[in-house]
Structure formats: structure tokens, C-alpha cells
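The structure under discussion is supplied below as C-alpha cells; questions concerning it will follow.
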Amino acid sequence: MNVRPDFSKNANHAETAPAFLSVWDMHAYYGESYIVQGISFNVHEGEILALLGRNGAGKTTTLRAIARLDDPQVNKGEIWLDHKPLHNMKSYEAAGVGLGLVPEDRRIIPGLTVEENLKLAQIAPPIGWSIDRLYDLFPRLGERRNQEGVTLSGGEQQMLSIARALARDVKVLLLDEPYEGLAPVIVDEIEKTLRVIKEQGMTTILVEQNAVRALQLADRAVILDTGSIVFDGSAAEVLENEELRAEYLAI
Amino acid sequence: ASHSGFTNAPGDSSVTLGFNVPQTGPYADEGADELRAYELAVEHLNGGGDGGMMSTFSSKVLDGTGILGRKVEYVTGDTQTKSDAARASAKSMIEKDGAIMITGGSSSGVAVAVQALCQEAGVIFMAGLTHSNDTTGKDKRANGFRHFFNSYMSGAALAPVLANAYGTDRKAYHLTADYNWGYTTEEAVKSSTEAMGWETVAAVKTPLTQTDFSSYIAPVLQSGADTLVLNHYGGNMVNSLTNAVQFGLRDKQVNGKDFQIVVPLYSRLMAKGAGANVKGIFGSTNWHWSLQDEGSKAFVKSFGTKYGFPPSQAAHTCYVQTLLYADAVQRAGSFAPCAVAEALEGYEFDGLGNGKTLYRADDHQCFKDVLVVKGKENPTSEFDLLEIVEVTPVDQVTYAPDHPQFQGGALGTCNNGA
Amino acid sequence: MGILEVKDVNKRFGGLQALGDVNLSVKENTCHAIIGPNGAGKSTLLNCLVGKLIPDTGSVLFDGNSVLGRTPFEICQMGISRVFQTPEIFGDLSVMENMMIPLFAKRDGAFRLHAIESVASEAELRTDAERMLEEVNMLDKANMHSAAMSRGDKRRLEMAMCLVQNPRLLLLDEPTAGMARADTNNTIDLLKEIKEKRDITIAIIEHDMHVVFSLADRITVLAQGTPLVEDSPENIKGHPKVKEAYLGEAA
Amino acid sequence: MDAIILQILNGLDKGSAYALIALGLTLIFGTLGVVNFAHGALFMIGAFCAVTLSRLFSLSHEVLVPGETDFLGNPKTKDVPYIYDWFGESTGAAIIDWSVPLAILFAIPVMIAVGVIMERGLIKHFYKRPHADQILVTFGLAIVLQEIIKYYYGANPIPTPAPQAFAGSFDFGAMLGFDPNTIIYPYWRLVYFAFAALIIGAVFAFLQFTTFGMVVRAGMADRETVGLLGINIDKRFTIMFGLAAAVAGLAGVMYTPINSPNYHMGMDFLVLSFVVVVVGGMGSLPGAVLAGFVLGILESFASMREVIDIIPGINQVIIYLVAIIILLTRPRGLMGRKGVMED
Amino acid sequence: MFGLEKKDARLLLLVAVLVAFAPFLLNPFPEGSAMAQFNAGYPDLMQRFVIFGIFAIGFNILFGLTGYLSFGHAAFLGVGSYAAVWMFKLLSMNVLPAIILAVAMSGLFALLIGYISLRRSGIYFSILTLAFAQMMFALAYSVLTPITGGETGLQLALDDPRILGTSQTAGGNIPVPGLFGLEMRDSAELVLGSWVFTFNVGYYFAAIVMLVAFYLSIRIFRSPFGMMLRAIKSNQQRLNYTGLNPKPYTLAAFVISGMYAGLAGALMASMDPLAGAERMFWTASGEVVLMTILGGVGTLIGPVLGAGAIKYMENIISKINSDILHGWFAFLPDGLEDFVVAIIYPFIGKGWHLTLGLIFMGVVIFLPGGLVEGGQRIAALFGRKKASDDDSGKSAKTEPAE
């Protein structure tokens, strides 16, 4: 039954292109605390969506819910990726159909070297970029390949985390604050890379506190506030809309 | 209970005995057999079954109407073969269930601990299986009585038989469990074999918790010893004997003699655990079901009929202790511990399987014949593992109350409790 | 003579020269920023200051006293507090309790056996804690289980824990990474205010140039373990080498 | 000199037993991070696989023995194993004789099944729970398993000898030019040593030459992230548990001729195997094996009469004493990895 | 009250009331009835409840607060017992000097062992403590027999010096421990209909000590010290960089809990003057770990409940034999009676371990917070008001670290 339901009748936004990733009325909890309170949005193939909001708005929670991690629990709602029902899957199955998450705290695996961290990503199919290609993208990682991953500097860890996601053949990349802790030059570099992979058809959700930067890169934006969507529209719109920016993004 | 001058005076219709045996832990099977014997004894005292040894017992005051006309009831508890747990369960029998006598146990540590407790609480303790000299030596108590034999008696009974079988010119190597019972057994066997002319090459202590004895067994041959004495009991003995046989010690020749192994204290359950390794190995035991005296035959018969297999020595001693207690109460005409103790002290009886027996007043130890046994070469059933080599007469194993191996401690005075 | 004097500090990790002949002098009551590419050795330098790492050679003087050979808690008792790159808080404790602990450390020293007194009766410390929480806008979260907070909040809590001790030298390792813009601005204001009101010296590591240029009185640029330049913010902004190696388009 | 060689031999053998038990434990405890107090029970179940098999082989029917009576005076019967009827008496007897080695084949599937059921049914839910909860549940399980075995097999040890072919001992001393009978060693212990080496080698090879070990280690450090990388870690944990159970079980099977198995043999070994694993260092298989041998050899030396005479009681405490010294001089045991079970 | 917050004061009061009326509460079934088997209101078991309660409370100060899992705590219990018995042998049968020496000695041992063991954390710490305790057990059982009595335990004898007392009573018996003439084993009985309630001096003495110990533990939990301990469990690194030295805090916790264990040991010896080496065996250390977890780690009252549960099983369930079972089900038709007995039999008497194992498993699986959580759930069933009233578990649950 791998067919995406037609949410368009009830959808709170009118898009013409078919959605690639679709989140429908998702409610997510951490134990008793009700964090994401029924959100719906679509992401189209090859699009970069900026997911914005204040600290504690529920951005990370949303990404984790989409990636099907054990926490938070999604008690209600549907998530569809390319006609496959993610909401019935476990995280490894979701990863198997092409979902990749770069978690906010990087999650470099202790006890493993840089290279092992990357190799680990290539054990289960589908396999993406080759490790050499990743080292070309982040030369610092190549230099440190035999160092234990967790002893990398903060920025290097962030690079490794992104590289690890790209080492798999992801269709949708969920980036939780990928620029955090990175030197401005590297941020430029990563932004370029995101553009390149977007050209190649990658779909991306980008969570970022540096809203302006994110919006400049993104096609569309969704703004979260205390677990609900308060804006869903084009990125340019947010950049232009002073009020919106002031109220929800304080910029 | 009412104030009748002693702890837990029984009511008019029934009297409660406390059977405190290991139900869990390594000696659980032995405990289970003890419990079977107790249940049988209670049945017989209350007039059930075929009466077992009551008909062969030299004293005839027991008539199957319970004790002093009161129906015998019992409570059971688990000693876990730990002195703390044993005391806890004995205490609960005394405090909660109103038991007037506590009996059972299958190690000396437990026996000594519970005996002291009974002394304090003012009830009688009829020890179960306890073989250490200390129980009626330095740790003796006026309220405690032991029917089972002891380390000294094992040594005294074994030595002549060993000398006979293996000669008087032997070099012995002792492996000894590193705790009280091991010490007394080593000392007893050592002194009696040395008296026969044997030489003791070495005596090595092994930890209680040891399971693999290879590093203790391996050097034995090098030491020039031609006999190995395993002062081990229970699991220790099963393992050390198995290991010794594995090392092929029994196929060796040292000093021109066949190498031999001796196990001072045998029990059928242990022999079963060691399997074929016990074949031909000497040891001593308190009682064996193949004894042909009337008492033993009667007991084996009623036990075997009820449970389908012959009783162990632990079962025997526990059964006998129960009858002896009941008999003493009956004779004393009172349940008061001091009266019972008095009736038991210096009491001579017969017909309970070990021939003529004396409950010596000085230390509350029974003096009777001791069996020297040997692992049977061709067992015909899983119970038929030991054969009796000699019944050592009581005179040969009797010692003075102040014998050096029993020194220290005092019996004290009997305690009636509240 | 600055309050903090780092002289010829070297630190190697196996084959890697993480710090090479670092010299640094921080003047009292100033804010000194340390910037540089990822993996330049910034965090390593801070680690050497607080006793987490021991430099291979060189000396570190705080207020004329060497910190080398002292344990972290002794160094803290000397008046150096540190905010880590990844939030380090007492996750099992409530926010309020997280605040109380540094206050006890400040008042009673490294160890005192208060086994019978009650935390609840320490009214004075409580007020201090509340005041500080108020300053970082977290008073409403005082009774929250701190592990359950979003990451931005954890950062602010950690900073509050350091500030409440009234340290003489405050070491901040990317304090605003992952913080919402609004809170970043608040943090800048807070740090400015504290700098004015109190007798405090701040050393800050940051990749967010907005923060750096708003706060810093002096900036050291570290690259591959050695100081590249040290200068005023204005001059750094224009420095070609820095621009190339680190700032990129952001400048 | 010969005494020293002898004790080294003894130590190697003891050590191989410790190493083998610790190996299974370290797969679960050092690698999966589960404090498995039921590991001893797995060892014990392995041993009882051997007992069960030899009992199965010896299943028999009664035949009257004419002219004899049993202890109660009833007609005597004799048990004849069915296996004699099927294969003839000599083949049948040989099969019974070889029941311990044959039990290896029997134990492998049984132990894997036990391990998998245990993991799927119980342990699975405890990976994320505090170690305290793991201790309580696995301890509870160990007691239950023990009691079940006790219920069916009794508390007494059950002799389970090695095949006749391995009875007796081998004279090493004669081979090395010492006097005969100075250095002897039982054949079965040599077999045990070789078997341990084989199993240890096989497990190492499996974990070293495949990515399996790395994935499991990663999964233990951070399950969530490993899941994000598309790896079904649950499945691998289950396999690991099955493997560990099989290793424990085989150690038990082979151990039966050395010491007659009883229901609490697992508990007796449990503490020791924890000590071995921790002294070896958490998360390190080579560490566990090395520690097994080190402790085995030192224990053997400490049990020498000459040593006990100098320091009475040293044989009682040597293992713990060495453990303390090693843990104090090497923070993570012999070869432990950082961060594994350190908090 | 007593410087406690209201809910803690209420908890303490509740415990005090329960303890004071334990002889009634634990003897709910009339003497001679079938259910009387389940009565636990006899002195020895009641004493054990409170004594092991003390042991577990102390253990929880270390484990519940700091997370350091000592697997050798029984060693301190053993040291306390030995010290107390030696005091009885040498000085007098008064329990106070015995308790004082026991607490001091166990504190000393804890200081030494803790100082060394605390150089490591996590499992390495656990194994260090285990190793020390096992060494102490092994030596006490064997080579130290002259000091410890070895296998049979250290006992009083008729020829002990007892400088401040008598070696023997007038009747030629060993005197019994007491408190200024009040003998620990003295009991008064109250017969109400077919109920018999026993009030034992030793029990009330131990109970008072336990209440004091419990009170102190509440104070420690709520104190800055307790908070530091929880901080240690949560994040030692941060504590270090906050200017606090975790070492002395953990060591203090270790010593305090060691002294609690010593106190428990001394009380055991006071109720029953014998000290056995098995008290130090690893299974004894494991038992207190299990008690604490079973009741609820880090909760105030949990460890006491856990201790009670395990001791109850050990002393009551183990004593039920098939005879008693048949007695209970005698009303059933014969076949059915045998059937029911056959079903239950494996779980009682010698099968009590099986029941214990199943309870361990059941509790962790269904009540992750231990028995305290069970209590909370029951309380919740009785509605909000009741739940907040009887919040023994709640108060403990929300505050401490887990």
C-alpha cells in the first residue's frame, strides 16, 4: 500500500508540484510532554526547506520524529517519503529508503576512528559518496582519518557528521544546525556543497539559527513556534516580511 | 505460650518440632533426605506407618501416641547452609511457631551456630549431620546433642584399616578444606595415621570456594607421597576426588607402591556425585543402609517403602535423633529442656542401627560403632555405591572428654529459657 | 602584565602539534576573543588553562600564579570559570539545583560536608540564583529537569552557572552556537553589562563574527596551533590573511 | 624448575577455562554493555546439555534379573538402554561414552536458541535501562534458570565423565627429560585447552575480520545514530547474544568432565568471570582472554605449598589481590577501552 | 518538624507509625488459622526488617545518590558484627559500646577501602569493592579463624573476660546483650482473642535506631551534601570545573554508608550475638544491591521496602512445606487438592528461590521504579488526594537522581 494519500484537500498551503516528503498532522511527545502539536507540511523533490523557530520551538523534535527515532514518540500523524509510509518504519528502515539526518549534537560514535565512523555509514545500503570523495570535500577529515572521532575539534566533528550522512545515498537530507561551530569559510564551503547536491536532485530540510543565511539558500521556509506551524511559504517572503521576522525570528 | 517455666511449653494436644535443614544451596539434596526422615519419624511417633525403628529401639516407652500423649507436629525451615540463615530460621521456629526442639543441618558451622542459639533460647538442639570435633568439643553446649560421629572417630576407625590395607610405611599428603571442620579432620586423621607409622609429607589448605583442584593435585606426585588424603566434604570432595583421578594418580606407582587416595568422611550423595571415581577408595561413614542389624533393616524398609529408595546416613541420624528426643521426653515425663537433657545424658540404648550407643554426659556426644567403607567396584544400583569394609567397635573410637582435640569450651548448664 | 599570561605553550597529540609556542596575554577587565579555523587549537588552549589538559611545555599564569599542576577544581577556585563547547550541565538535576551548586562552591570552597543542613533553607543563595536566572531569562524554567531543555536553553543555563560564581576570568567556548538570534543578542547584552558592572575578564571563542565584533576588545587569531595575529577588532576585520584563512565572505 | 613448569601448565589450563567463560561474558557485558548476571546460568545450562544428552543416550527400559532381589527384597531389575537395543551393545556403549563430545553438537543449537530467546524476550527491553535494572532482571533470571535445573536434576553434582579414550594423564616430564611422574597432565585438560584456543580463535576471527564487531561496538556506544545509518542493530545484538550464549554453553559442556556439574556451578563462576572481564578491561576481548590466563597462572602459583607456607592464606585471596593491583595500576584494566562502563 | 519539609516529615511520621505498630500490622492473621503462616510479626523477623532496612538505607546513600555501585558493602556489615561481638566478649554485654565500636571500625575500613576503590569509577569501582570484600570473607573464613571464629562464626563463650560485666550468669549461662539491664530478647505478649502480639525490646531498640538512621538519611538527601552527590552522579566533569572536589564527597558518602552497614552489623550482633563470615560473602553484598533496586534506587523509603520484601520471602515463604499446603487446600476434593498443591509446591519451601527470582524479574519488568513505583500506582488508584497524601514514593521520586 505504498501510495501517498492525497492531503491536498486539507493542506494549508497550495502547491502544484507533487510533494516528495509529506508530513501530515504529526503529534510528537517526549513521554508526557506534548511537543509537536499537529503539524503538516510538504517538501518537494529537489527543494531546500528552511525550518526555523526559536530555541525550544520543536525543530529538532520534528526532525527526529521524521527520522523515526525512538524519542519523540509520534502518537498520531503520517509521514510519507516518495510514496512510502515512513510513520510505520523504524529509524533504520527510514534510513534504508533514503532518509539522512545530521543530528544537532553531531553524534560522533565514541571508540571509532574518523574513517570507521564513515565506514559504518556504508555498511547498510544504499551507499552514497565514496569515502575518498568525502575527504576531498573535507580535507581536514582526510588528515585525521585515524584519529578517534570524538577527539576532533567541534568543527571537525560537524564536518564528520555531515560527511557521514553523505556517505549514504540519501534522498532527503535533514540538517539540524549544520553550521554550528564552523568557521565562516567552512560554512561557505558547505553552503556551496548544499547547492551542488541540490542541483543533483537532493531534497533538504535545513534547521538553522542563522535564519538569514538559511533563507538565502532555501526555496521555502516553515516557521515553528511552540510546536505549531506559524508560517509556511517561500523563503523570499520571509526575508521580505519584517513583521514575521521580528515576531518569530527576532531579526 | 503460658508460663510453665520453660520456653515454648506445648499445649495439651500437640507439640511442635522444628526441622531446620538446608533446602537450598549445595546440600539441598542432603537436606531433602533429612526432611524425609523427619517426616517418617513424625509419622511413626504419631502411630502411623510400620513404626520403623520404634520396634527395634531398646527403650519401649514410645507407643505411637505422639510424645507424652501429644500429637507431634512440625515446622520446616531452610538453613541455606549459612549460619545466619540457619539461626534466622531456627529463631522463627522458636519465636513464631513455638517449636520446643530444633534439629537438623548438614554442616558443622550451622550446627554450632544453631546449637548456641538453642542454648540461649532454652530449647533442645538435636544436631543433624555435623562431623567437626568442635560441635561436641570446644563449642559444646548443654542444650545440644550430637548423634553423628566426628572427625576424631573417623581417624581412629580408619587408621587401622588403612594400615591393614596399605601397610604402615606410607607417606601421606593431605589436602584440607580451609575451615574448622577441615582442620579437625586433618588433625584427627594425621594423628591416628601417624600413630600407625605413616608419615605426613605435607598438608595443604584449599579454599572453600575452590572448584578446580588441579593446581593442588598436580604437585602431589612430585612430593614423594604415595597416599592422598582428601579432607574435603560435599562439592569440594566431589571435585578434588574427580580431579585426582583425572590426573591418573591411582594408576601411578610411588616408592614402589600403588598410589592411594583416602576420603575420611564419605556420604552416599557425595559418592554419587563423584561417580566411578570413588571405586576402591576408603573412607568412614556414620551409617549405611546395607547394614544388616534389625534396626537398620527396619528403618530401610519403612523409608524405602515410603520413598522408593534407601535412606542416606543424614536421614538416618535425623530420624534417630527425633526418636531419641521423643523417648527422652517420655522417660523424663516432661518437655522441660533440662529434664530432657538429663534423660539423655549418660543414656545407653541399642537398636537404632549402630549397635550399643552411649549419649555421653560430659559432652553430649554419642559413642557407637563406626563404619569404614570403600567405594564399590561393581555397583548394582545408583544407591549401592559403598561397601562396608569394617565395623569399628565403639571402644576403638572412644576418647576422653578432655582429649586434646576436644579441648576448650565448656558445656555450661542447661537452659530452660523463659 | 595581564591577568592571564600564556607563555610558549606547546601541546602535541601524537604526531599532531595542536598548540605550538602559544603566547597570549589577556588584560584585566577586557574581553579577549580567540578566533581561528576549525581545529586550530582554540578549545585545546582553553583546556590547558582549566587543567583539563597539561601542556607539554610552557607556562600559564593567572594573576601571577601558575595554574599548571593544579586540578580543575583548584583552578576554578582561583577564579576561572568555563563554558564548554557542548553544554555540560547536571542533567539529572533541576535548573535551580544546577544554579545552587556553583553558589555553594563559591561560598564554601572545594569541599564542605553539609550533610545535615537543608538546601531549602539557603535563602540567600537562592535569591542569588534567582537573580541570575532572571538575568538570563530562565526564571520560569527554574524547576525544570535540566536534561529536558532544548539545547539553546542548556547553553544559557551553563553560562548562568559560570556567571553566578562571579569569576574573575570567564572562558567561553562558543557560547552562542545554536542560540536563536534573539537570545544571542540578549547574551551579548548580558555579557556587555556584566563586563561593565563587574570586575571580570572574558576570553571568548566564537565563530559568529557578530558576537566577536560586538564584544571583543582584542582578538587573537589562531591557526594550526600558533597565533597568527593579535590586534584590535577593526584591524582584524581588514587583515587579508585572516580573511583568507578564516573569515571568507563573512567579513 | 619442574614444579614451575607444572604450575604454568596448570595455570594455562585454568586460564583457558577462565578465558573461555570470560569471553562469552565480555561479548555481552563488555560489548553490549549489559550487566548479565545470568551468564553463569548459561554456562551451567551448557553443562547440563551434556548431562541431558548422556541421560538421553542412557534412557533405558527395565529387564528382570532372575534370582536376585533389591534392598527391599523385591525382585531385582536391571536397566538396559534403548540405545543398546538399536545399535548393539558395543556401539551403544561407545555412544554413551562419547556423550560429552557429542553434546557439543547438541549444545550449539540449544544454546543459540536459549540466547536468542533470552535476548528477544527479555534483555532487549533493558539495553536502555540503568545497569541496576539489568542486574536485578538478569539475577532474577539466573535464579529461575538455576531453580528449574535443580527441580529436574537435583542439587547434587552429576558425574559426567570424558570418554574412556581421554582418561588418565600424559607424562610431559618424561618428554622434557625430567623424571617420570613429575609433570603429568590429564588428557582431557589438554583437549579442553585446545578447544578453548579454537573457540577463542574463531570468535576473534569473526569479530576481527568482519565489520560485525565494529557495528556492535558502535551500536552499544550510540544505538540511535547507528540506526540513523540504516543499520538494524537489534538484529545484530540478538546474534551477538546467541553467540555469547553458545560460547558460554560450550565452555560448560567441555567443563563437565573436569568438575561434575551441579545447578549452582554458574553462580560459583559468575563473580570470578566478572573479575576476569573487568581486569582484562571492559570491551576488550583480548583483554578478557589475557586476564583469564594471567589470573589462572597466578592462582596456580599461589596454590603451591611453598608459597602458602610463606604467606598463609595467599591462595584464598590471590585473584582478588591481583585484580586490585592491576586495577589500581592500570585504570582500565589490562586492555580496556575508554568510556565503556566507566560511569 | 525536625527541620524537615512537610512531605518528608509526613513520610518520617508514617514510617514511625508503621514501625511502632509493626507487631500488630505484621500479625494480621489469628494464631492457628491457615493464614497464620504469613504472619511476620515475631521478634526475629521484625528485627531483621529494620536492621536490613538500615543497611539498605545506608547503601542507598552511596548508590542511590552518587551512582557508585559498591559490590562489597557486606564487608562493613561483617566488620560491624565482629567488632560488636568482640566488645561483648571483652567489655560488657551493653549494646552501646558495641555499637559505637562497630560503627567506628566499619567507618575506618570504609575509609581505607573507599579511599583506594574510589580512584576508579563505574564497573572498575564495583569490582575493586567486590575484591576487597571477597578477600575479607576468604580470610575471615580461614586463616583469621582465631579472630573471626572462621566457619562457625565468632561466638560468646562462658570464659570470656567481659571486664565490665560477668562472664557467666548466676545460672551458669552466657549473659545476653542488653541496654543498661534491659535485655534485648525480652518480650511482652498481648493476647487479644486468638491473636497474639509480641513486643520485643530488641525490636523496638533497633526500630528506634532505624528511625534515627532514616531521619538522618532524609536530612542527607535534602542537604547540600546530598545535592552534590547527585551532581556527581550526573556530571563529575562539570562539578570539577565548578570548583568542587568530587573525591571527598564520594568518599564521605562511602564512609557514611559503610558506617550504616556497620551499625546494621552491630545491631544484628546485639539481637543475636554471633558474627559469621558469610555475612561478608559476595552474595550478601549482592543482596543489599538487590534490596535497594527492588525497592527503588534513590528513593527514600524504597530500600527499606526492598529489604523487607526479600527478608519476608527468605523467612516466610521458605517455611511453607507441602504439609501446610495440604492443610490450606484440604477443603478441596482430593484430586483437585493434590493438583493445586502440585502446582504451588515448586514455588514454596525449598522452591522459595524460584519465587524470589520471579519477583525480581516481575518487579523490574512491570515496575521500573521498584516497589515504590508499585506503591505510587496503587496510591494513584485511590485518587489524587490520597496520592498526594501518601506520597512516600512521590517525594522520593521527583527529587532524587535517576
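Going in written order, the chains are labelled A, B, C, D and E, and every chain counts its residues from 1.
Here is the rule we use: a contact is a pair of C-beta atoms (placed from the backbone, for glycine too) under 8 Å apart; a residue touches a chain by one contact, two chains touch by 3 or more.
All figures in this text were calculated on a predicted structure; none of them were measured in a lab.
Asks: If every step must land on a chain the current one touches, say how few steps get you from subunit B to subunit D.
Replies: 1
Asks: Compute the shortest path length in steps from subunit D to subunit E over the network of touching chains.
Replies: 1
Asks: If every chain is reduced to the average of its C-alpha atoms, which one ends up farthest from subunit D?
Replies: C
Asks: List the centre-to-centre spacing of subunit A and subunit B in whole Å, with centres computed as mean CA coordinates.
Replies: Once rounded, the distance between the two centres reads 77 Å.
Asks: Distance between subunit A and subunit C based on Cα centroids, please, to the nearest Å.
Replies: About 30 Å, centre to centre.
Asks: Mind checking the centre-to-centre distance between subunit A and subunit E? Centres are C-alpha means, answer in whole Å.
Replies: Roughly 53 Å separates the two chain centres.
Asks: Indicate the residues of subunit E shared as contacts by at least two other chains.
Replies: Only 138, 141-143, 353, 402 qualify.
Asks: For subunit A, jot down the residues that touch at least 2 other chains.
Replies: none
Asks: If two chains touch, include that pair; go through all of them.
Replies: The list of touching pairs comes to A-C, A-D, B-D, B-E, C-E, D-E.
Asks: Which of the residues in subunit E come into contact with subunit D in the complex?
Replies: Where subunit E meets subunit D, its residues are 63, 67, 69, 116, 119-124, 126-128, 130-132, 134-135, 138-139, 141-144, 236, 282-283, 286, 289-290, 292-294, 297, 346, 351, 353-354, 356-365, 368, 402.
Asks: Which of the residues in subunit E come into contact with subunit C in the complex?
Replies: 3-5, 216, 219-220, 222-228, 230-231, 233-235, 237-245, 248-249, 252, 256, 401-402
Asks: Sort out for me which residues of subunit A touch subunit C in the complex.
Replies: Interface residues on subunit A, with respect to subunit C: 30, 33, 54-56, 60, 104-105, 140, 144, 147, 151-156, 158-159, 177, 180-188, 209-211, 249-251.
Asks: Contact residues on subunit D for subunit E in the complex?
Replies: 35, 122, 125-126, 129-133, 135-137, 139-144, 146-148, 151, 267, 271, 274-275, 278-279, 282, 312-313, 316-317, 320-321, 323-324, 327-328, 331-333, 341-343
Asks: Can you tell me which positions in subunit C touch subunit E when the two form their complex?
Replies: Those residues of subunit C that touch subunit E are 50, 52, 71-73, 76-77, 81-82, 84, 88-93, 97, 100-102, 104-106, 109-111, 113-122, 161, 165.
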